[in-house]
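These are the structures, in structure tokens.
The same subunit A turns up in both complexes below, where it pairs with subunit B and then with subunit C.
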Partner chain A sequence: MRYLRFLLPILLVVGWEAASWIISNPFILPSLTTVIPILLHPFSPEFTLGTGSMVENAGISIQRVGMGFLVAAAVAIPLGILMGRSNLFNDFFDSIIELLRPIPPLAWVPLALAWFKIGLTSIVFIIFIGAFFPILLNTVDGVKSVKKTWLEVATTLGAKERQIMIKVILPGAAPTIWTGLRVGFGIAWMCVVAAEWLPGISQGLGYLILYAYNFGQTNLIIAGMIVIGVIGLLIDFVFKRVERRWFSWRGLER
Partner chain B sequence: MGELPVTLVLKDLSKSFVGEAKVEVEALSHINLEVRDGEFVSVLGPSGCGKTTLLRIIAGLDNASGGRILLDGNVIDGPCPRMAMIFQEYSLYPWRTVIDNIAFGLEMKGMEKQQRREKAFEFLELVGLVDFAGNYPYELSGGMRQRVAVARALAIDPQILLMDEPFGALDAQTRNMLQRELLEIWEKTKKTVVFVTHSVDEAVFLSDRVVVLTPRPGTIRDVVSIDLPRPRERTGAEFARIRRYVLDHMEHAAASSKV
Partner chain C sequence: MKFTSVCAIVGMLLCAALIAGCTSPAPQSGTLQPTTSASGGSVIVMYAKGTGPMPTLLGTDQIDGYIAWQPFVEVPPMAGIGKVLVYSGDLPPEGKWKDHPCCVFTATQGMISENPDLANAMTAALILSTHYLEEHPEESAEITADWLAGKGNFTYGDISVSSVDVLQRAFPTVKFVNEPSEGWMDSNIEFVYALRELEVLTGSLKNSTDADSKAILFDTGPYYAAQSMIDAGKIVAPSPVKDPVGLGYLMSDHHAALFVAINKWQYFNDTFGIAIKPRDLSASRPDTADLIVAGKPVAELKLISGDAGPQLMQLMATDNIQFALVGNPPAISAADKGTPVKIIMAINSEGSGVVVAEDSPATDWNSFVAWAKERSAAGKPLKIAAPGKGSIQDVMIRYSLEASGLSVKEG
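Then we have the complex of A and B:
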């Protein structure tokens, strides 16, 4: 039943159209015919209440996520390697990380505003918090999962510490680190939408859908949500493709 | 054998460590052994006799609690590129192709890519896996993977091969095949081999001398020289006699340590 997976989406679309016809209140449930034109004109600013085109807004959100994500990776990966390699570092950082980790990224918003004021820095900070912990924890796990024999083989074959790090530990931990990056990016993408609701922000997909709400444009909200979902899906797809291409050995160590 | 020079000397090697019950456990006690250049020596003993620990100490992966190791008269304390170790399992890098696994040691020495691949290819030929140069370890059988591990160890041109139950995870047939291949390679390359095993059959089939260890603490119970010409016939009467003899020693060793 290869086509079964398409059944529910089709039923949903049909049900949606039927419901919107019965409710006949576009603020509660707009017809798809008012959502699709927005999606078909992603470069046109005319459908987005003067906030710039859908593509522009998406580009800005992606840029923000990218920044927060890159900073998170740049801090979490080296720290994770240190913690994975050295029990001393691990014991030193572990308790504070366990303490901070359960705090939802959005709980940091007020503090972010107090520290960085309204603006890009606050948004990037929230995204950083969201992406940081999955990347860190997976890096620690990945480094710890590097097999002892791999290290000993390198030692007996004359590898220096630096070579062991670059040629054994990093490639050995890479698949798990990559999983951390993938999960971290997913969370970062969720965070950006909410972070764009901060006061003083005037662009981005998150801003767009909230702005649309203020104007009662539910069709634009839904179109924005679909774009947010599709972008998240595409990026996850890329992460998975790379995983399959480069890390297909994972779980097959023998 | 007599005229070959001694290359590896173990002098009074001991190893003890603090076990789980916080009691000091003596794993090896006063091991003295001389290995001649080009000799094939097996270290035989039941599991837990410290034979792997002994090999790891020689390889520089563990420290001895007492005693010394000399290689051609020089004291060894740490990993030494003149000795290469072959592990039982999980030793190949799964993200590297076969050829790049074999070239690993050469890469660590800073050899150029083209040059080290050519060199690695020679050893790939030696172990008969030319067709698998571009494959990944998980695409190979257990026997093939150990051939790659042997090729990788040989590629750095060590004087001594240290082998830690290298065929222990293989089925009997593959095991016998690899033993024969190992002997061919040994005769071709004239390496010294120190081979750890718990299989009497394997030790007698392969070795010039078999060192029988007692369990806990590991001490040398006996050293049995085997003069049978190679290739040895496992079903031959002389083979059976030596096997019986070594086995008796091993059982005695085990029995005496229980007292």
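Then we have the complex of A and C:
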């Protein structure tokens, strides 16, 4: 039954085309015949209302999301390790983090513009907000859930804090941190539309979707959504592969 | 101390959330309430936050029509979902909206007072390109189609329309003018009245006399300085500025003067010694350019497109941009709230229009009014979308509806 996973997508495609034929309103559901040509010409700037080719737009979005994600990881992982390791740090940061966490990245847009001005920094900030919390919380969780017995053994054998950190905590927490990165990237990628809603942007998949809206180009909107979905899927696949390759011990150990 | 800082942050973030999520707390729609108004019926005006959702709302029968700026008036006819009822210059009462002011060129007060030569040069560049697009409408429409849509096609089901054709159709409905004459300023002041009535003005323009309003809103100095430089055939080169200068605009053919100035930079450079040269010469829609006077770059320009005027004014208030092409009501509201913005000159007049659904019985304004009254009497008042409360389009459609004996509800 390994081909079963392809059944639903095929049914969806057939159902979509049938539905679009019955509804016959391109604003509700454009026919696949108007969406597919856009996807088949990823290098042509002809279909994207002057924003450059689909590949160009995707490249720019990946770059922005990648930067926001890396900044988030660079802040969240060290902070998470500190919080997981020290109750003092945890108590100090915990309340403010729980307060900020539920705020959707979109809500930060006005402040982002006022603080960081138009440009890459504001975009990276919005993505950062999206990716930061899952990475942080998973890191804290990962560090906290490192087995007490391992820590005790290391301490009894005379390991210093530095050694415990590098030899025990980091490897022990790595699978959970990796899950945090994977979830964080997923959310960062979801924020691409919110981030590219900022003014002063003229390219990117999120911008493309919002701009196509002005002209009622639902087919282009759907093509953009599909590209966002496929890229998200591919990146998640890479994360999962790495997880299986390097972190499968966690499953064995339980 | 920790608690107070938490409180401060909570307060700040709540503000941000409010701004992002709830900018227009519009009252609930009264779609199913039968009207008891003696005026002969009512029409619901709803705000779409820019033009973005309008074609989709009309295409999915959620609204009966909309009023928007070009080229979005031309979208429904080409998509087969609507027809143009009336262009804004012909809205009733007759003659009222002929040559109505629309977009204006604005700069921050700081820019005009601290860098007058730069403000004058920017103004001159736009005046020159306005002349050009008056003389070359077809080429200018094509340049605009390239800027707005990369000269690509729009696809609606089986229909595919060239953006160049759309812009060729939209262009003649916009009048490209610059002169900030007394009469033009007076008609801008009429928007001050209208915005007062909508209770949008709460600051310095709430109770000001007309003379004070003009003093608050306008600084036409750069226009006259630019005009005399053009007449003398020599543009004074501003001393180069280090920091990039932000110039905001909207994705509309109203702002074709900017697109043409940039696309034809070589021509303006060779002919007048002033040009806005894009950094990326191959881009349909460049976002960085240099202002070049007498062969020397004097300022790096960041070209910032916004969704609608209020957003651009917000950017001006936070000094993200120093120049903006924007509709006059956003500029008026911003000046009222203390944003240091000055209107230098006009960019265009007219250039908006009302569209109604394809199956609407209305063919002109009178039949539209009859349709609206009929629907209102049946308890299903018409729903017309406008870009935002207090926008030019909102002010005009309200005025015209009320002048035709219909009352307006927000929904």
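As a convention for this text, the second predicted complex is superposed on the first by the 237 of 254 C-alpha atoms of A that agree within 3 Å, B and C clash if a C-alpha of one lies under 4 Å from a C-alpha of the other, contacts with A are read in each partner's own complex, and residues count from 1 in each chain.
Heads up, the rule we're going with is that a contact is a pair of C-beta atoms (placed from the backbone, for glycine too) under 8 Å apart; a residue touches a chain by one contact, two chains touch by 3 or more.
In this text, all values refer to a predicted model and were calculated from it rather than measured experimentally.
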Contacts of A:200 with subunit B and subunit C, given as first, second, both or neither: second
Superposition-derived comparison: subunit B or subunit C, residues of subunit A touched: C
Contacts of A:168 with subunit B and subunit C, given as first, second, both or neither: first
Partner chain in contact with A:24 - subunit B first, subunit C second, else both or neither: second
First (subunit B), second (subunit C), both or neither touched by A:99: second
Touched partner set for A:87, first subunit B, second subunit C, both or neither: neither
Contacts of A:51 with subunit B and subunit C, given as first, second, both or neither: second
Interface residues, subunit A side, partner subunit B - complex: 147, 149-150, 152-160, 163, 167-168, 171-172, 174, 247, 249-250, 252-254
Residue ranges of subunit B touching subunit A (in the complex, touch as defined): 59-61, 79, 81, 83-85, 87, 89-95, 104-105, 107-109, 136-138, 142, 145, 152-153, 156
Sites on subunit C touched by subunit A in the complex: 6, 9-10, 12-13, 16-17, 19-21, 50-53, 55-56, 59-60, 72, 75, 79, 81, 146-157, 163, 246, 248, 251, 283-285, 287, 302, 304-307, 311-312, 314-315, 318, 320-321
Interfacial residue positions of subunit A with respect to subunit C in the complex: 24-28, 30-31, 34, 45-52, 95-96, 99-100, 103, 106-111, 113-114, 117-118, 199-200, 202, 210-211, 213-220
